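Presented below are the structures under discussion, each in the form of structure tokens.
Across the two complexes that follow, chain A remains constant while its partner is chain B and subsequently chain C.
Up next is the complex of A and B:
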């Protein structure tokens, strides 16, 4: 077991947490605006597909990222139009969108690329890693934090950015107001609908980035259902973090660590099924410990 | 339920009289047929992307689902688990209990059934019954775990039930891969059960009824084909539908859970012990899921549990869509379940005929549910005076006790 906790492990933790972090920040914005978004899993998967398709057809990873963002945010319009304009139940929409996303991507991978299961091709351009000179030489955290893709840096910077926008700007205050007291916000001339559309679209953009990082950064391929529950983990991460950006980073870190350590333990001979289940079990246990305080917070959803 | 004056008018417009006629024409003017129609048109768009002719595609889908004996048989085979899983979700959602863990409850039920079928000696029928009971118990307990975690320490059931899918799924996969793996087989699967412990087919080839059907009606007759393709699980599911319908309409529990789904505050105020009600709902819901798992595991012609076979078919999540489409009513679950079963069966046929992904089924099904949630209506001839009908529709589409302004 010597050399088990090494720099490479820290690196793979960071790699595992970034897609979840993006999606969780999207969930956070939706939650703050009063839209319960459980469609992240589907948005993420659509983002992955958009990224691979864009990159494959143009040979440019940047176009791939743009395509991922466009695809996921257009897809997220189903949720915003449905829940805001048509007053539909977001849980119904979310469940349907997740199944729809699996259907659309699995259908298109066959229709467009003529493969089933996994699409891998040298023509798909992956995202480059940019090492920051000097900082990358710091032992342990250097290679993990300062040799990321452009999306990796963006994801980490978005945590303080979200915090500042949410708690230090009028925009953020109005967004929180829309979520907490929609009628009061409306009385003050803030349109809840436009803020909710904005938040859901932002979650689409963020899930697009998450998908691009997953399909062009962590690996360079598209696989059916490759989001593999990360969207759900993001929902739980935000619940665990009680809608706070830095705590969301912490929750994503918990997930990333479990995934990375589990992956490492596979190398030590642990069954893949056990390590695959670990992130969900760990998240569940964390939720149980956190439950005391959010029983008060979500009195309506749980037992009074 | 809908405003009576306008419905009378619509009934006459359609040339139908009587209560049934009114309800039919009302339904036709409602969101469901419109949503299905639009979803099929969008599905045609996807077929064009795949380079297929939508008319050929839908023809192939029709033949593969309802237009042939084999198609009918496949449709019924697919509908049985769909109706079962939809019932599982419907009893929960109707009570305002958002059980997203049907998949985990189903696979654990299937595993329990397989373990019993593989290991318990004795007469086939008895083993089969014990396997079903074991599956029901496994699913019910896994479901009740979520209810318990909501009661204490208070994690929303929606999240725990969902997260518990993953350990269940991986545990079953691990069991099949290691302790139960048939060393003689190259595929990752358990050993085969004794044929007599399987849930038998209705009229298999070689049985008295099967041969009688084949001789008198011909071997291509739909009844003969269905008899040798569909098992007694069909009867189990029909009984299940009747049972759930009875529970909903005729028992105190059914009344309490229905009220709880409409308004949790009211049910609490009128003395319903919500935690206990939730637990019983999850026992029922999980038990149904477990039973479906057993039927998928030991129902003929399935003779062993193969890794991934319960997950890949996605019955749990499609069943959830069926329950949403059916507005949680048992009779509606049957209609919607057969409809979605037909889409699954037909898409499989279409996929083979046109070498296209059968995932077109998930596309069409997902779009149908999204559009129904949108409350899409055909254009109206005249505006209604008030919104009562629409309010009624959208209230029915809400699965939760969360209030919604229509």
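Up next is the complex of A and C:
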């Protein structure tokens, strides 16, 4: 076990972190706008499928990414139309969308690629890793942080970007206002619906990117239900982080680490069932702790 | 010259005719009072003028030109700004952010905090509206929130300012300050429409009065040519006497004994500081104090909504210091909380359910573990009739009720428990003069029926006319214990401000 915590582990932590981070930033925006989005898991899975299909048919990873973004954001319209326009309960919609996503992708993998379970093909172009000269040679963090796919860098940069947009631009201020007091925003001529549509669509775009990173970066394949709970974990991550971008990065890091360490322990001979369960156990524990402060937050928000 | 003219406005909600062919006009530069009982249609009429609701029929003219408002934005574009009965602010944003929301000053595409603060400070200084631009609004007292709302409207260049019951949540001192602000706005050419239930205020500040009754205009008067009695009669159709009869019998056994109660708050003076008091059966004890001196915290701590750091609370002889709200209620507590929206009612439940809350735990509403729907409806209807609550039916959602009617729901429910102890916090906030008289009578009857009441109110006149004994709270402590008959508003006002009575120092520190 002496070499258990090594550079390769740090690298796999970052790799596991990126998709969760994208999805979590999407959840954060939705939450801030007042739409509780638990459809991330489904959006992510649709993104994975779009990425693989786009890349396979054109031989271009870039087209794969675009296809992923389009597919996931179109899919997210179900949530915005349902919960914003039709005023349906977003939780019910989200659950339905997650089930729908598994169904659609399982059906399509069979109908389009004529395989079951996993689709792997040399014709699927994966995302390149770009090493940043010099920096990549920093021990431990160099290979982990400076040898990422474009999406990897983008994901990390989106954390400060989200923070700036949210807290320092009029756009972010209005988004926060809409989520907190939609009626007040409306009296000032800010339409909650358009901001909520925007936030949900942004979460679609981000889940598309997450899916592309997962299916064209972390691995190069599509597997049934390959999102494997990451969308759920993203939901919990933002709850833990109380909708703050940097804290969301921290929470995503916690879950990325659990996944990577679990994976490593598998290599050490620990039962797969246990290591697979690890992220969910961490999720449960985190939720138990978050629930209290979450409730307090809600109570404070309604009283004020 | 008319600043605003509303002609033949009619607005209907399912089952309610809120405004019925109302014509209303306001002259340039005047302060105009809009009066009427709870549910008369004042807020709806002003919501139409501010673009929040669209009238079913009728037209609006601003400066003589016809206008059509599709949203509040159109109204503010025409120079009409409204401070709503329930504020429309974002608790997590700062004062400056709330003021400039959607009209933010920017620098290089980013929100310009400093410019926003400067704007707020400038408007604030010009009209004497003291606020801290950097404060987060969620933590501010209502008096300040109201100033923020006014600054918000002024920043948007409102020439006509509508204030919906602005003084309902203010202390007398804050009200005086608000009126100074309104006068300086008037001097600056603004037109002000003021909704209020307080006759004294109307007489003090308005030039003209329009009276609504059941959605119709019943009178347009020049304030100088009328009296409070006349307006009351126009609003209610009868004379109202706010004098209360003295208690019929001497106080009996204690129903509330509080001893050494202390609630600390991080980094500040204790909100409640070593408070001891006793309320006996058949007496009303009033607590006077400037808002924010611990009265609300004291009530919450007695009701079990706030943890106490030290001290004991006994209700009807039972020590409930460690008990939950449920335990305290079972021991004999009923409670009219200050905040009827967040604490007192469930806005998305119907009137019947709101009236039944708490009563649902015992017969006759509960039988064999099940609620009896028919009895619940009867029960609700009985309270609606007894307290004159104006609703289309007991099945309508609480959130559609006018402010005063919502308050009556809470009062009706709590009084109907007939439990030994009632804590009444601002029981008549926002209710019309007829209802004030009715609620006061109910509280007095409750006392005469052997109940003990702890009355917390910002209205000194209310405290003086109802209470037998008056405690004055200042900075969390009880600083005076007086016989109501032996004191007056001036003396109380002095004590509330932390002063001492000349030659009467012995009365302080009980």
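Simple rule for what comes next: the second predicted complex is superposed on the first by the 295 of 304 C-alpha atoms of A that agree within 3 Å, B and C clash if a C-alpha of one lies under 4 Å from a C-alpha of the other, contacts with A are read in each partner's own complex, and residues count from 1 in each chain.
One rule holds in what follows: a contact is a pair of C-beta atoms (placed from the backbone, for glycine too) under 8 Å apart; a residue touches a chain by one contact, two chains touch by 3 or more.
These numbers come from a predicted model, not from an experiment.
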item: Partner chain in contact with A:92 - chain B first, chain C second, else both or neither; value: first
item: Partner chain in contact with A:186 - chain B first, chain C second, else both or neither; value: second
item: Which of chain B and chain C A:173 touches, first, second, both or neither; value: second
item: Partner chain(s) touched by A:274 [first = chain B, second = chain C, both, neither]; value: first
item: Broader residue contact with chain A after superposition on the shared chain, chain B or chain C; value: B
item: Where chain A meets both chain C and chain B, residue numbers; value: 300-304
item: Interface residues, chain A side, partner chain B - complex; value: 78, 81-82, 86-89, 91-93, 95-104, 106-112, 116, 229, 232, 235-236, 239, 271, 273-274, 276-277, 280-281, 283-284, 287-288, 291-292, 294-295, 298, 300-304
item: Residues on chain B engaged by chain A in the complex (per definition of touch); value: 46, 49-51, 98, 100, 149-151, 153-156, 158-160, 162-164, 166-167, 169-171, 173-174, 177-178, 268, 274-275, 314, 317-318, 320-321, 324, 356-357, 359-363, 365-367, 369-370, 373-375, 394, 397-400, 402, 404-406
item: For the chain C and chain A complex, residues of the former touching the latter; value: 50, 52, 71-73, 76, 84, 88-93, 97, 101-102, 104, 106, 109-111, 137-138, 339, 342-343
item: For the chain A and chain C complex, residues of the former touching the latter; value: 164, 168-170, 173-174, 176-177, 180-181, 183-190, 300-304
